[in-house]
Structures are given as C-alpha cells and as structure tokens.
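Read from first to last, the chains carry the letters A, B, C, D, E and F; within each, the first residue is number 1.
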Amino acid sequence: MKLFGFIAVIIVGALLLAATGDFPAWGDAGSPASQGQVSSFYIEQTINETKVPNMVTAVLADFRGYDTMFETVVIFIAGIGIIAVLRTFGDQASKAPDGPEADNDSGDLIVRTTCHMVVPLIQLFALYVIAHGHHSPGGGFQGGVMLGASYILFALACGLPAAKRRMGERRAIIIAAAGIIIYAGWGVACLLLGGNFLDYTSLDPILPGDEQMARSHSMLVVEIGVAFTVTAIMFAIYSNLSTRGRLEKGL
Amino acid sequence: MIEESFLPLITWMVSLLAVPAILLLRRTPNAREMATFVAAFAKFALVAVMVPMILDGRVLRFSFGEILPGIPLEFRVDGLGILFALVASSLWILTTLYAVGYMRGLKEHDQTRFFACFAVSISATIGVAFAGNLFTLYLFYEVLSLSTYPLVTHHGDKEARSGGRTYLSHLLGTSVAFVLPAMIYCWVRSGGDMSFTDGGFLAGKIGAGDGMIVLLALTLGFAKSGLMPFHSWLPNAMVAPTPVSALLHAVAVVKVGVFCVIRVFTGVFGTDFLGELDVATAVSWIAAFTVITSSLIALSQDNLKRRLAFSTIGQLGYIVLGVSLLSPLGVTGSILHIAMHAFGKITLFFCAGAIYVAMHKKYVSELVGIGRKMPITMAAFAIGSLSVIGLPVTGGLVSKWYLVMGTAESGQIALLVVFLVSSILNACYFLPIVYRAFLCRPEESLYDGGRQEAPLACLVPLCITAALSVFSFFNPNLLLKLAGLMTGVE
Amino acid sequence: MTEHFSALILLMPLFGALLVTLLGRERRTACWLTALVCLAASSAFAIGNICQVLASKSGDLRYRMGGWQESAGYEVGIELRVDMLAALVVAMVVLVGFVNIIFAKTRVGSEMKDKVAFFYALKQLLIVGLCGIVMTNDAFNLYVLIEITSLTSYALIAMGNRRAALSSFNYIIMGTIGASFYLLGVGYLYIKTGTLNIDDISSVMQSGDLWAHPSIMIAFVLIMLGIWTKMAFFPLHGWLPNAYSYAPGVVGSFMAPLMTKVMVYVMLRVMLWLFGGEYVYSSGHIWGELIIWMSIIAIIAGSFLALACTDIKKMLTYLIVAEVGYMVGGAWLMDGAGILGSMYHILSDAAMTFCLFLAASIVILRTGDHRLTAFTGLFRSMPLTMTGFTVGALSMIGLPPTCGFFSKWYLISGAIEVGHWSYVAALLFSSLVNAVIFFRIIERAYFGRIEGVESLPVDADGSPPVVLDRVPYSMLLPLLMAAGSVLLVGIYNEVLAGWLRAAIPSL
Amino acid sequence: MYRILSFFVLLLTWIILSGMMDWFHFSLGVISSALVTWWSSDMLFTDRGIAPHNRLLQFCRIPGYLFWLSWQIVLANLHVLRLAFSPGLRKQMEPQLVRFSSGLTTDFQKFVLAQSITLTPGTVTMKIEGDEFIIHAISNSSVRGLTGSMVKRVRRVFGESVEPIS
Amino acid sequence: MIWQFDIIILIFMVLAAIIALRVKDLLGATLVFGIYSFLICLLWAEMGAVDVAFTEAAVGAGVSTVIMIATVFSTARRSRD
Amino acid sequence: MEFLAAGFIEENIVPKFNYWVYVILMMIGLFAMITKNNLIKKLIGMAIFQTAIILFYVSIGVKAESGIPILGHEQHHEIVEEGRASSEVIKKEKFANPLPHVLMLTAIVVGVSTLGLALAISQRIYGSFNTLEEDEILDQLRPGGHD
C-alpha cells in the first residue's frame, strides 16, 4: 500500500509539476487569469454595477450568488448529515437539566466569567463583520462562523446544556433552514417580480435606492441568510461531535 | 405487389390475446382449453384466408413505425412466410389437442402456465414467419427462446433444470454472441436498412471476407437450426413433456431456426449475391457434417426421444444444406422439407408421447412387440418414419427429391453422396423399431391384456398428422406453389 | 414563467428539503407528502423543460442566474445550459427521485428510525445536486454541485449499519480525491483561459490555440481522473460496491441508478463541450485506444466480479462497474454512434439499474436474506416482483425490446463503424455473463421450492398494508413503473436517439 | 434596565468598530446591538443585585484601581527581576501555595481579583473554590503584597465593607 | 506580496504538515494542524486574499481544530502512525 | 551540468515557487490519505490536500504590486460621490483578482463540511469497532463476513 501510494503520488506530483512550467510566472499581472475579461470586469465594474467596494463580496453574493447559495446548502448538508449519521435519539438525551442555576454549575469560574464577558463582544463583532462585508473583509460566512464560535465557546466554558438552552437542537435546525430559505426565497422573490432567479435588480421597486443599490441591499440580505445557516450548523456540528451525538455533556 | 394490411397483425395477435384468457380461466380447465382452441382455430383460419392472397402474388405488409433508426417493426407476408405459418398454425391445433390429452392423461402440474407459454411461443413463431426485416426476426426469435424455456423445464426437477440451462445458454448465447453483432454489422453496412428483399438487402454492399464471417455468424447464430457444433441443446431439451418436444422439434423452435437461415440466405444476402461471393460452401459442409454425424449418433441412442432428436438435427441439416446449394431447386426442396419434415416428425413425437402415456415406455429396447398393443400408434409411427427417411407414399419423398435435384443442379456430387448415405442411416435407425414393434414377439407378460391405446385426444392428432404426411405426397401442389413464389420453381 | 423552468426544477426539491427539516422528525407522513409534492412538481417542470428544448430553435436553453448578461463576450455570472441531453438526464433524475420517494414510504420508517425527516431532506438535496450538475454551464459551479451530491451521499450511506459507515468513510476519501482532482483541473484551465464558463473556456482555447500547451493536457487528465473516480471507472471503482450494497435499501436503490450515470454525463460534457471532440479525439488517438482498452477491462472485470458474488446487491453494484465501462468505452469510440450509444445508455442503464435495485430491495425486505438464495421459489410467492426483476434482468442481458438491447445496439454499431471489434467482443461477453448471472437467479426463483411461506417482517411503526406479493403497493407500484420505463425507454429508443443525436456537437 | 445598559455598551462598541456613521450603517448597528442584547445580555453584568448608584460608583472607581494595579505590576516586575538577577537566588525564592479567603461575593469580583493576581508577575491564581483562593507565588513578599492591599482595594472598588481578613 | 516572508511561511507550512502527519499523539497532531491552518491563513493575508484568510482563520484554525479535538477526545487519542 | 540545473531552477522554480510548494503540500496530503492507517490521520491529510489546492487557486489571483481587492475610501468616494467613471479610477493591476478568492471561500466551506461529516462518520466507526486503525477494523470484519 505504501509503495503503491508513493508511486501514485509521485506520478501525480510529476504531472502537476510538469504543468507548472507552462504557467505564467507567479504574480504576473499579465497572466490570462488576471488579465482576462472576467476578472477585469469584476475589478472595474463592480462598483458601477453594485456600489459595493469589496469586490469579493460582490462577486460572492451577486455575480456568483448561485454558487454561494449552494455553498450554504453544503454547510446545511454537513449539519443535517452529521445529525443524521451520529445523533442518537433516545429518552435520556432529551432531558437537559433545567433552571438558571445550570448555567453556573459547571466550568471554571475564571473561564466562565471571561466567557460571559467575551461572548457578547464576539457576537457583536460577528454582526459587525456581516454588516460591513460590503466595505471590509468578511461577510455572512465569516460572521456566521464567528457567531457559531461564540456559542461553541460558551458551550466549552459553561457546558453544553447551558449552551443548548440558548441554541437548542431544534432551534438550530430551524435557523439553519431559515437561512437558506431567506437566501433562496430572496431569489424566488426576484423571480416573482419578473427577473431571473437571484436577479436583484428586479427588486428595485420594493427596495430603496436605484437598481445598483437594490443589488447592494440584496447582498446584505443573502449574507444574513448565509450567516443564519452557518451559525446554527457550526454549533450543531460541534455539539454533536463533542458528545458523540448524544448531546448530553460537553467536553 | 405490396399492400398494407392488418391481417398479419391480427394473425399474430390472436394467440397472444389468448394468453390473458388462459390465465383468467385457470380455475376451469375446460374453459381454458376452449380458449386455446378458439385461438388456434382462429389463427389457422386467418392464415388460410391469407393464402389465396399470397398465391395471387400479393405481399401483405404491416408496420409499427420505426423502432430503431431506419428499422420499423414490420410484418411482411410472402410465400415462404405463409407456408411456414400455415404449417405452424395447423399443427398448433393438433398439438393443442394432443397436449390436452397428454397433460390430462399424466395429470401434470401447472397446466395453465404450460398453455399460456404455449400460446406465447406460437405467437412468436408466427412473428418470425411474418417478420419483414432482420430486426423483427431477431426480436421474435428471442421471444421464442424465452417463452419456450418454461416449457422445456416444465418438470422443474434437476434434470429438467439442467436441460433448460443448456437450452437457454445455447440459444441465447449464440444469438447474442453471433447474431447480434452480425446484425448490427449488416445495419451499419447497408446504411440503416434491414428489410428482407428478394435480392437480399446486403447484396453488393459487402466483400467476400466480411460476407463469409457474417454469413457464418448468422447461420450458426440462429442455433435453433441445430447445426453442429451448437446442436447439443436439442437432445437435452428432450426432458420436456412430449407435446413440447413435438412443438420444439417439429413445429416451432427448430423450424424457426432453419427458417431464419433460409431468410438469411434469401432475404439478407440473396442467393445470387452469395453465388457471386462464393462463400456458401462452408455452410454446406458444416451442414453435411451435421447430417452424417447426427445420424450416426442417432443410431446409438436407446432413448426414443433422444433418437428422434438426433434425427431432427440431421433433417435440419438437410434443410440448411439445401438452401446453401443456392440453386432454386435446392431452396425449394428446403422450403418444402420444412413442411414435410414437420408432418413426419410431429407424428413420430406424438407416437412417442402416446407410448409414454399408455405404457410408460421411453426406450427403444422396450418397444419390442408393442405394435400388437398399440397398432394405430405404431402404424402412424411407421408412416412418420417413412416420411422422414424419404420413402414413397409420404411427403418426405417430395422434398427430398427436390433437394437431390438441387444438388445435382449445382453439381456438387459429393453432397449427393451425403444425401444417399444419410438416407440409409435414417432407415437404419427407424425401420428396426417398426420391424420389432410389429414382427417380434414381446418377451414380457406385461403385454397381456389386449390393446391399450393412448387417450383419444392423443390418438386423433397423430392419425391426422400421419394422414397429412401421406396427403402431402399425393398433393403437394399448394406447398409447391407457395415455395415457388420464393424461388421461381414451378 | 416558462422560461424559469430550469431554475424551478432545482428549486422545488431545495425548498422541499428545507420544509421537511422544518417539519421536524415527528411528522413522518407530512414529510413524505412534502417530498412527494415537491418532486412531482419538479418532474412536471422537467418534462416541460424537455418540451421547451424541443420547441427551441437552437436546441439549447440558457438561463442566466442573477440576470448577468455577458460582458465583452464572456459570461460574468453563472449560466444554466439545457440541451436535449441535459433535459433528458434531468428528467431522469427527478423522475427516479419521485418514484423512489413513493417506494421509500413504508421502508423508511424501519430503516431510518428517528431520522426520517433527515433522510427526506438529504435525498431531496441530492436530487438538487444532481440536477444542478446536469444543467450548469460553469466549471466551478459544477464542482460545488458535485460536492453537494457527494456530501449527501456520504451521509445517506453512513446512515446504514457499521459496515456502511466504513464504506462511507472510504467513499469520502476517494470522493474527495476525485473532486479535488476535478477542482485542480478547473484551476489549470482557469489559469490559462481566465474564465470559468464552459463555453467560454472552449472558445478561448479555440481562439488562443491553447491546444498544444501541456497544462491544458494535464488539466484534461486531472479532470478525467477526477470524474472517473467519481463514476467508479474500473481501477478507481474500489469505493462503489461496498458503499452501495451496505447503504440502506431506500438509499442504494436511489443512488445506484443515478450517481454514476450523472458522472458519465459530466464526462461527456467535459469531453464534447468543454474540451471539444476535436481536441479530445484528434490529439489523443493513442489515449482513445488506451481508454477503450481500459473500459474493456472494466467490463470484463466487472462482469467476473459480479459472477463471483453471492450477495445480491453487491452483484448488482459490480454490474454497475461493468456498465460504466460500457459508457466510457462508447464515449471514447470517437464516432457519433458510439457517443450516441453512451448517451442513450445513461438513460437506459438508469432505468434498468433502478428496476433491479428496487426488486432486490423488495426481495431482501421480504425474505430477510441478502444472498442470491433469497430468490428461491419467489416466482410462486411474489410473481409481480419477480416480473419486474425479470424485465430488468432481460434488459441487463440485452434482449429486445428492453432498453438494454438498444443501448447495446447503438454502442456496438458505433464500435463497428470504427472497427473496434474487441470492444464489441467485450460487450457481448458481458451480455453472456449477465445472462448466466440472471438466469441462475431466475431459475432458482422459478423452480426453487421453499418450505412454508415466511411472513413479512413487520415494520417498527406498525404493520404495513400487505397486498399482492405481500408487499405494500407503495413498493410494488414503483417497481412496476421502473419496469415499465425499461420497456418504454426501449420501445421509444428511436425518438430518444433522434433527440440525443441532435444534441451531439459536430466532431 | 440592565438590558438597556448592555445595549448602549454594545452600541458604543459598534460605533468604535464601524467608523461609518451614515444612517444605514448606524441603523444596522442599532439592530445588531439589539440582537446581541436579546441573545446574550444576561451574560454581561451577572451580578444584578447591586443598586444603580453603586454600579455607577464602581464604574468610577475602576479607573483608579486599574491605575493602581498597573503600578503594582511595575513593582512586581521589578521584584521578579531582582529575584532573577540576585546572586542568592535560591534563598529568596520560596515557591509556595497560598490559600486564603477573599470575602468577595460575586463571581465578577472574584474574577477581577483572580485576574489581577495572575496579571501581577510572581503570582498565579490556581483555583477558586467558593470563597477560597488558591494562589501560587514565588516568594513571600509577593504574597504579602496581594493578600493585604490588593484584596482590600478590590473590595473597595466593589463597595464591599473593608474588614480585616482572618 | 513580500516574497521572503512568503518563502519562510511556506517552509514552515511544509514542516507543520509533515509534523502533523508524523506525530503519534492525535491531539498533538490536531494542534499542529491548527498551526498549519494559521500559517496558511497568514500566507493568504499576505497574498492579498484577506477574505480567504479571514475565513481560514475562522474555519481552519478555529472550527476545524475544535471539532477535530472534540473527535479526538471522544475517540482514541493514540495512533500507531 | 551545473549551469543547466541553475538555469532550470531560475526559469522554473524561482518565479513559480508557490506552485512548487503547493504541489509538495498536495503530495504530502495525498500520500497521507492513501497510506495512513489511522482514520483521523487520513482526514488531516485530506485537509492538507484541500488547503494545498486552495493555495494554488489563491496563487492564481496574485498580482505583483497589487493590494487587496477592496476599494479604498477615496476611490469609492471618487466614483460614487464625484461620479467619475470607474475604469478611470481603478487600475486593475492594483487589485488582486477577486474571482479565485470567491471560489476558494466556497472551497474552504466545502472542505470543512467534508471534514465535519467525515469526523462524524469516524466517530460512528469508533462507536462500533472501538478503534480507528483501519487494519484493526478490517481484522474485525474478516471472520464474520457479512453482518
């Protein structure tokens, strides 16, 4: 096996290296990929077409918004796939300890207090990242991961049951589905108003600003959808993986 | 003169329509058998209606529309087809009658399935007879293989299953491995047209080397014709109930095989074109070899049905041999021999079955003196034997005559010898049975107690077929005319 | 509305999946109904799509996501492109999905226990992915959708027993390698052409005359390797038999007919539209020869492996390996007839594999035995099921008028036209082996006797309505529909072939 | 009450982060702060029992405490440096575990004290068990510094009665 | 794009990858893999792909590492290779 | 000979070292995926493999002397407020190609999803076989055949 693997890897590597000789030099601004019409269009026209300074966001949520919808679906699939594979629904699983004191009964005091202080800030920052995706790096996905991470942090510090009260399994699934419904539903709204699927300009009549602003605003909406799904799924993945699908106690 | 007509379709459909009726009436055997009979008579009547039309020189055609690019599912009734259909449909009536007697006599299980499959296979046979192009022919050929499989394995025991396995593996194997590629090759070569025409649709479109391969693939691929080396399904299929054996060896299966071969020679290549290519000799020699070898094997068989089976292989060899001579007379002889051999051989099988039903005897060595016990049956047996050997007052002589004439016409003296030798061998393995049945004393006391014929339902058909054998000697005109439509021989 | 059909085909199951997850795991019937309605709507749109393609002059529909028009001759957004082949394959996917949903109704409760809703959701998402793969005209979008189908299938397979989990893990490893190779190949194309739209890549390569560049060649090799891994072409097939045979019955019967076929479609798409027949066939005559030989080996090996199997589902999966060999070989025969055969075989193989897997699932359910011995005497106790099975088997063997015969017809005629007799021989050989395999089963089913008739294992959620064959209608009906489709695809092959022929770009 | 407080704290943070003061982004900020308040305001200000004016006083005292703490950190750094470079290293180093009761009531108070201790070089909070602090220190003088003045000051900041510790 | 920086990170990345695969303690391997993710995130930030770097920081160095650790804790920690 | 090697390095490796390193990383990952016995190790290899490909894509988008693909405030201002044509203000050499970045965001997401699912499956495998070593699992399966 080792030998076979080695040979296969060497062959593939040699193949790939052989092709690099054919590539334009690294960082060459004149390479076809960089010089190509598509890339130039994105760089030069994004601001005209969408009024969004962050080209990556614009390409992600608008030009290739269809891709991004499926990216969100991939996350969703991972989440429900993990639940489907790993989760064991039983009698003992559904009974989480109730009552507010459960919040404080586990975890180290210092860690817990730190977490209490940091989690809201992380969440705020996550929302900031989502909201400012048009102007600075970040967007729905990164913000969503951070939001999810804030709950993971909470679960690590205060125990999974406490975190589950804030983000229960059922709620997580609903939020995750809602995220894609926001995204795809927005696209369907475009479709109903006479445009193609995800053609945000057709929403111009119901959104403030001109057509370009309609694109810009719609991007925010779909980013929020992405964030919904990512948040919920990230937490669901963690909570299932850390308890072998029993959702009882955290790590 | 080609004209569109629904008649071929209806004729083909009749027996198929009987299938649901048979299945529905499975609780009342009498009604069920009635349905079979109605269909059988209807079918025969329809074929009979078509005969005068064909004799007028018309060709009836029916097409379902294209099923493959350039290839419709097509029925086309010409002289050869109607002759075969006539033989098959008339013998179906008799076989059904016989089967009723046989099955009830032996209280067989699963009679409904038996009759249903029987009806399907006769439909497929008619389909082959009426097939207007190679694809349709192939389609019904395969349907026939599959629908006779349950008949062959009717008993369901180990022997039957192994026989069935041999049966199906030979027939399906050869058809898939040889016929299918050859057929597609023909399709590619002929530019998408596969309709049988008098001159052959491949005429002029293929070279000698390819032609040789395609011809061999098609001839051997239609393994129902029993050519060696793909003959061994036939003796193995003898495990089937006797009516099935009769159907297989006299009416449907083997005749479909040789019918296909004749179609290949006349409709696909055209005898003239084959003459130009000069490739048919190989087939002739294979057939000749089959004739001699199978006759020799038949001599050594003690099981009556197996002996008959090897005899069938030899007779099929005659037919292929006749057509491969490429002379009009030879082809006429082949076509006639389909009918003549059918009458003769079905008589023999019916007799074998009747002996089994009445006396439970399977082996030749047990038949000593049985002529006293079952004189009618054995008389019919004698007539059948004469017909197969090709001796006078039976139809076998007529067809053999044409075959020999054809051989002489084509100048193949060596093959003439084959005919001669094989006829002698035929006589060697049949006449002793007749001789011992009538003229030797039975050794066992078992033969006491007077006559003991098979049930009437068994007896009547075999008398009729024996009579047909004799009748076709005295009055072969109809058959001759129909065959002449194909070959131009008057 | 009609111009949105291609988008709606995808959206119906997508929303269906979301609704099902929202409904929760308690409301099983509601979940089933939602999935059924969504897929029915999707099927209707798919059929409408076929009509539209037929009506259109150019023969292909284009749908621009986000309404982005092209700029300076390049697509800046993502485009869907539906030609006749795509329309047919999409219709095949959603119809198989729809029928399988009906089939799943009674089974899913006992196989999936508490996870019924997740099963329906994942299944619909798998259909979304497959439809998307077929329709998209963007090389990267294709990758994303391939991953969607892969992830859903990993999860669905792993929902089975412990061996299923292990097979799913192996599938993940192989599948990721395959998808990543594809992604790398697309990257290599992108670096040379600067675009991702399949038509645009093709035209840039054409106009820039990039054919001679080694990176284009290596991109082609990588993409092909990736796709072959995904479709289980012979030496790369290792993941398939275990994954499909240990998967839960309702999953296997759905995935087996679709996944490999759709990947074959992708291969055709890459060969004929992305790189263009001219490049693939002219530059690589030696490759072509090599790959046909590989497919011959695939066919023969698949057949032999199937022959050696005693487990019914595993046997069927090895047959899929052989069938993949058919299609790859047909595509590389380098002539129109071979490609046509390959395209037609996508449809027909889906129909017959579906039929066989459904029948096998029913038999396994009914007898509780997954070896070939399970079939003993079944003609007597479950005639309809066995009829369905027999139709599928005859098609696998290639007897008329089933669709298997006609796909063999086209493939063989393609091989004959280019004179590749060894491929013809391999096809015939596999037919014969299939005949041996299936008649062995049919004989056993026909003549085998079993003492006493065993009872149907009762589902966990109450006893299912037992009818003829002692199988619920909801299982019998799909099987008969599948068997009917085997015949229909066969009988109307001329129509289908005519449509497909129009879709083949000139070589 | 605390929710409103949390909301404004968060909004202030947002404004500092964002730096974009057009109405659109500001309203986004309001929404975001409101959301986070909704989700997690119970995490901030866990000790809700304190009267508002006391809370205000605490806020006022904290800068002073922080100033003092940074001075202490400087001192402690010097102490550790001296330890490190003094020739009689072994003698003066007396690593020890100290256990004392702080008399602090709320988690936040304990947290502030614990973090202060950890921040000061030479001492580390190992564990808090109820009221008991377990501290690791490297020398006696380090211990003296914190058990005395630091605890007092923390108590003062949070308005607890300044009583001697047992 | 500063190529010296680039090369240094690349070398460290290769090292981190090899170490992550050689360490027999799975927890250690996971942590080294986290470092690998962090390095590659740095690299991307330096190459101008800030969004990608941001995502990799959140996903690769964050969530991936956490879920891997979670798995290692709930399964076996030692590995034979 | 030395001269040739130096020339080769100068022409093929120096200007493209990023590509070379990505290939090396990819080979490492692929090798681990194929040969490692421990399932978690396989997954680490898989993650390395995927990041290597992402590295390759990001490398495509790099332009020497370019910045991040986000418009600065003043450029934004010039275009939006003063109404200058964007093609005048924006020099496309100054911005990295955004398309590969977008693609790789998706690829990262796909990667983590696959990883998560694979980890879940390996936990299930551990649950039923009590080991994560492939050979031990196969040993357990061997005598039983089918289960």
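Methods note: contacts are C-beta pairs under 8 Å (C-beta built on N, C-alpha and C of every residue); 3 or more make two chains touch, one makes a residue touch a chain.
For clarity, every value in this text was computed on a predicted model and none was experimentally measured.
Asker: List every chain that touches both chain D and chain E.
Answerer: For chain D paired with chain E, the chains in contact with each are A, in label order.
Asker: Where the contacts of chain D and chain F overlap, which chains show up?
Answerer: Touching chain D and chain F alike, sorted by label: A.
Asker: A-E versus A-F: which has more C-beta pairs touching?
Answerer: A-F
Asker: Which chain's centre, taken as the mean of its Cα atoms, is farthest from the centre of chain F?
Answerer: Here the answer is chain B, farthest from chain F.
Asker: Taking each chain's centre as the mean of its C-alpha atoms, which one lies nearest the mean of all protein C-alpha atoms here?
Answerer: Most central by this criterion: C.
Asker: So, comparing C-alpha centroids, which chain is the farthest one from chain D?
Answerer: Relative to chain D, the chain whose C-alpha centre sits farthest away is B.
Asker: Which integer distance in Å separates the CA centroid of chain E from that of chain F?
Answerer: Taking the mean C-alpha position of each chain, the two centres sit 11 Å apart.
Asker: Give, as an integer number of Å, the spacing between the C-alpha centres of chain D and chain B.
Answerer: Those two chain centres are 106 Å apart.
Asker: Taking the mean of the CA coordinates per chain, how far is chain A from chain B in Å?
Answerer: Those two chain centres are 74 Å apart.
Asker: Just curious, how far off is chain E from chain C if you go by their C-alpha centres, in Å?
Answerer: Roughly 37 Å separates the two chain centres.
Asker: Where in chain D do residues touch two or more of the other chains?
Answerer: none
Asker: Where does chain C touch two or more other chains at once, residue-wise?
Answerer: In chain C, residues 140, 144, 147, 151, 154-155, 158, 165, 184, 190-191, 196 touch at least two other chains, as defined above.
Asker: Identify all positions of chain A at which a residue touches two or more other chains, and write them in rising order.
Answerer: Residues 16, 21, 23, 27, 31, 33-34, 38-39, 42, 45, 54, 56, 64, 67, 71, 74, 77-78, 81-82, 85, 135, 137, 141, 237, 241, 244 of chain A each touch two or more of the other chains.
Asker: What chain pairs are in touch here?
Answerer: Touch list across chains, by label: A-C, A-D, A-E, A-F, B-C, C-F, E-F.
Asker: Note which residues of chain F are touching chain E in the complex, please.
Answerer: Going through chain F, the ones touching chain E are 17-18, 21, 24-25, 28-29, 32, 36-38, 40-41, 43-45, 47-48, 51, 54-55, 58-59, 61-62, 64-70, 96, 100-101, 104-105, 108-109, 111-112, 115-116, 119, 122-123, 126, 131-133.
Asker: Which residues of chain A touch chain D once you look at their complex with the stated criterion?
Answerer: Of all residues in chain A, those touching chain D are 104, 108-110, 112-117, 119-121, 123-125, 127-128, 131-132, 135, 166.
Asker: Show which residues of chain B lie in contact with chain C when the two form their complex.
Answerer: Contacts found on chain B: 66-69, 135, 138-139, 142, 146, 150, 153, 156, 160-161, 164-165, 168-169, 172-173, 176-177, 180-181, 184-185, 187-188.
Asker: So in the complex, which bits of chain D are touching chain A?
Answerer: Listed in rising order, the residues of chain D that touch chain A are 6, 10, 13-14, 17-18, 20, 25, 28-29, 32-33, 35-36, 39-41, 43-44, 46, 107-108, 110-111, 114-115, 125, 127-128.
Asker: In the complex formed with chain F, which residues of chain E make contact?
Answerer: Counting only chain E, the residues touching chain F are 1, 6-7, 10, 13-14, 17-18, 20-21, 26, 29-30, 33, 36-37, 40, 43-44, 47-52, 55-56, 59-60, 63-64, 67-68, 70-72, 74-76, 79-81.
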